[in-house]
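Across the two complexes that follow, chain A remains constant while its partner is chain B and subsequently chain C.
Let's look at the complex of A and B:
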């Protein structure tokens, strides 16, 4: 009887349950990455070539766009943290946020497609007199912050929920004033949340395409826009190489994040 | 113009259903062996560029591609299917062909892209002659000659190929400035005067209200026209004074308009950089709506989009927009169908494709396309003439739906401020009388002449309505769709950049990626140094503390 039962559920063995995702992984993640690598290091005749590599590091406009992208990404991340951190701290207080209604309100924008949302933001900002014509950087940053704020609030909120309250109380009992409690106890405890919030914001901002294009009216070119520009003009090798650079930066940031996570010995990053 | 859409719809419902049957007159001869078995014609076009049935309008004619299936069946083909795919730009068409050349039988790119395809040996010549495409040849306007004359050298065979063997014209138009003359409380007269020059986009008086195209070729063109404004102005002046002929002028204009050597590129980039600070933004398709909603007051536009915006502005906001083809000249662009090279295509499929192209030139069918897209076709014919009269000629009575071909009296012309517009360059040789006999001489001239109150604005006319002077560059939708010969003379085709393609792209990339403004650099440096300082403090400080503690412990142990 027992062995019979086992064979009937053979198909649902743990190992087999991974097969659908395995197929997906190979077809839509591994193979495309290999194609990117192939195009990044070949020329039009399919022969090994480093022209895209040298082209990237010798082209001032490409380095320019890299700097601009890092700048925008950094500002977005900082602004999001500045707004999102206190908010998450207050929302994590059960007295303020009964039944998690507030947090739902703050992450609700995520449910609307961001292209539609950006279109609406453009109209709103133009009505307020801020537009790509007079303030392309400001308009882009507003759009970026609006778009990525939920991605900052949510991981911070989940870490804040898990804050060790007794530690805070102990600190206060031992004579720390509220400011010291905050910086010596709350912030260190929420580092995993901050790290995951940063990765959720920084990289997507760098490669974002629609937001900067729509809100700066095409005046600010980010890494993502540039890759698109290359592909639209049949420069597949250059475009692929830039995509590869993007992947490398993502890889580095993942590595850094993982290490800092280990340091804190806290798997609290829900995102 | 007020009943533009209604009358257009009426036309579509009344005239079109009978179209296919009548068109049999010109059915081309075909080989005997085709017509058996099922065949699929695979088309690739840009979006919204062919007549499609409005699903809410029961009485409207079928989608144009389905009409072709019926048409082919009536000619004895069994089971013809059309598969119709769309993409967004000629560049992405090129990409599609690079990935797989065998996926399409016909594609519809722009003039320069056809040149590029020929250079790359990616196009198949077609049988473009009166025998295979009688409708196209019967109805072709003189714009066809300008398409046919374009050539490119095939890099593989080293042969010079002319587009007349490769491309069948579809739509054409110009690039110009679409604007709202009263935007922001401006004086309409002055705005119209200013808009006759490309320099207006650089003018600080119009700062932050204009949008340009986020596409390299179109924006390059205005950068060039601005950078060489002196040369272009000198050229048009000597033409206006009668020192050079129209052909000579157009030749020299075309030569100057197509310069793209390195020195020119640098000059263009500089003028574009200045432009970037003066415009509202760069777009490829949001502009045609933005000018209607009032976000912007000036839009650097393609003529077909301009017609669309004018119509929208009029119906939604009762706002009159104008279109200018500035005096120093502009770009004449043409989209045409051509056949990608493929080893898998049978002779029968090729003939089917040619039949389709001929079908597109049947005036009734062309009229549906013109009505739907707002762009100007390559071919004329009675139905196109009727549609144009219906839209623009004041002698068309909307209530009775009749056209009175009597010439208006001089009193009437003076009273209504009518202008006489001669479009024989477009319609000559394509108009027939009720018996199907081609009109000639005076009759033809009369048929190609329109009387309208909405062609050029602020132009001076004589007693008969002939335009004699004043503004020759700014007009309304009629001018936009059918610019006069005078205007066409100062428009040139912009060729493929060829070997300079890469240099132009580099220039464009440079233009697109500005260095950060000063405040941003300062902020950036401050932030980065703060990070570094904090990092040093954190890690070095920790280590120092640790060492101190260790020392103290050791000292304590010693004691």
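Let's look at the complex of A and C:
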């Protein structure tokens, strides 16, 4: 075999191809996060300071916002699951739905501009008499569910396709009624899909601010709204601290769901 | 039977509910009224308004420019990264993938704020200037798209037969040539779907855009680059969706329908081809 040693092509190694993206990742993902941590615990002079921290935990309205956000996010996630679970079940059932185009149709709204969709929902609700003036909470919830439903349907549908059909049949043969089959066999088998559906709705709901801003006409403030307001008012240190809290919550939820959500495949399934 | 009817009704009901707001906008794009819900006679006026609105067309052009350039950069970076990491040590690859996963799971607003601090707050503290421009907007969108390119390319590399590359080298190809002529064609479907996903994410994005936008590109009076999302958000904060944008909704919706039809036809063609291939295989096996 011909040896390439010493030739200039030896300089070219496949693994070196990861250098440009590696630099990019460090510069624009790791460094910005470190900057957030730095900003969360310093003041305008760059001196160590816990004013953002104490400011957050002694401000009842900020703590209130945190609780409201968690509450709305929980409700949105639950509603999305309640609507999306049977939907994914039917979509994956060959007897009910033979046409693959339906699953594409349920993802397609994601291709229409997100802000435009939110505005459209708001205008329709206003026409129907539901608006930020009389039902800000209800309107926000509708907007959230409307927006995050595709994110729930997709992972659930992927797990439903992989359901062990023979187990369901065996359960039925052994005398389980359809309801029992559903709760004792379908649901336990689809836990990974449920977990990944929850992670794909809960955090984005908490941190979104466009939907709540538009649909409640500014009456409902979520965690994301506060971060945005801090950004708009150049309150970088307070904003950083809230973003850091967000990061910690995300980190915890990733750690908790890591073991159960191994099968999830982000994005790829849609194509 | 009952399950079938009930299931189909349920699917249709949710589908209609999901599309209702958009369909209503489209219906009212054929009448010249300020608010949705008021019908003032059929006309195409809003469509001519749309194509005369400098504001909307500029935003549309900006959005497209950013989507295409950022998706291209994201595809190149993500693909190279995926190839490089695939042939690196396991430990390194794990760390690499962990960082790559951060933007995927992270809340958009956290990333947006961190980039805004890096591009605006820190520079104004140190150099008394705001660095935000077209380039920072581009970087923001690449952060959004590149991780998904990586995720789409990786499985294709895993499926690839590793001996193909070795064979090319043994047959005298330089590593560069082998990569370009052997590896790339094999992973091309993943690269392509990653590119499409990056474009979609960029077109749909609002939060990152709002936090990282600055002066540059096309402008209709605003000193900052205004993308479609930014423009629409600015309008709907103050009132209903502007009438001309209802016409724009129709245009976007038609493009989406075209996309759905395209995907369906493509899938149908692919499954037909696969069926033919497996049939041919069976025949061949029988012949042996």
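By definition in this document, the second predicted complex is superposed on the first by the 238 of 271 C-alpha atoms of A that agree within 3 Å, B and C clash if a C-alpha of one lies under 4 Å from a C-alpha of the other, contacts with A are read in each partner's own complex, and residues count from 1 in each chain.
Simple rule for what comes next: contacts are C-beta pairs under 8 Å (C-beta built on N, C-alpha and C of every residue); 3 or more make two chains touch, one makes a residue touch a chain.
All values reported here derive from a predicted model rather than from experimental measurement.
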Combined model on chain A: chain C and chain B, fit or clash: clash
On the A-aligned overlay, A:250 touches which partner chain: chain B = first, chain C = second, or both, or neither? second
What is the contact status of A:71 with respect to chain B (first) and chain C (second): first, second, both, or neither? first
Could you tell me if A:169 is touching chain B, chain C, both of them or neither one (first, second, both, neither)? neither
Of the partners chain B and chain C, which touch A:126 in the superposed model: first, second, both, neither? both
So in the superposed three-chain picture, is A:221 touching just chain B, just chain C, both, or none of them (first/second/both/neither)? first
Chosen between chain B and chain C, the partner touching more chain A residues is C
Return first, second, both or neither, reflecting whether A:43 touches chain B, chain C, both chains, or no partner chain. neither
Which chain A residues lie in the overlap of the chain B contact set and the chain C contact set? 126, 214, 231, 234
Within their complex, state which residues of chain A touch chain C. 1, 9, 12-22, 24-26, 28-33, 35-36, 39, 46, 83, 86-87, 90-91, 93, 95-97, 100-102, 104-106, 108-124, 126-127, 146, 149, 199, 203-204, 206-210, 213-214, 224, 227-228, 231, 234, 236, 239-240, 243, 246-247, 250, 254, 265-268, 270-271
Counting only contacts in the complex, chain B reaches chain A at residues 89, 91-92, 94-95, 98, 208-209, 211, 214, 216, 276, 279-283, 286, 295, 505-506, 509-510, 512-517, 520, 523-524, 527
What residues on chain C touch chain A, complex-wise? 3-4, 7-8, 10-11, 14-15, 17-22, 24-25, 35-37, 77-78, 80-85, 87-88, 96, 99-100, 102-111, 113-118, 121-122, 125, 139, 142-143, 146, 148, 150-152, 155, 170, 174-176, 179, 193, 196-197, 200, 203-207, 211, 228-229, 232-233, 235-237, 240-241, 245, 248-249, 252-253, 256, 259-260, 263-264, 267
Flag every residue of chain A that touches chain B in the complex, lowest number first. 59-62, 64-65, 67-68, 71, 74-75, 78, 126, 131-134, 136-137, 214, 216-219, 221, 225-226, 229, 231-235
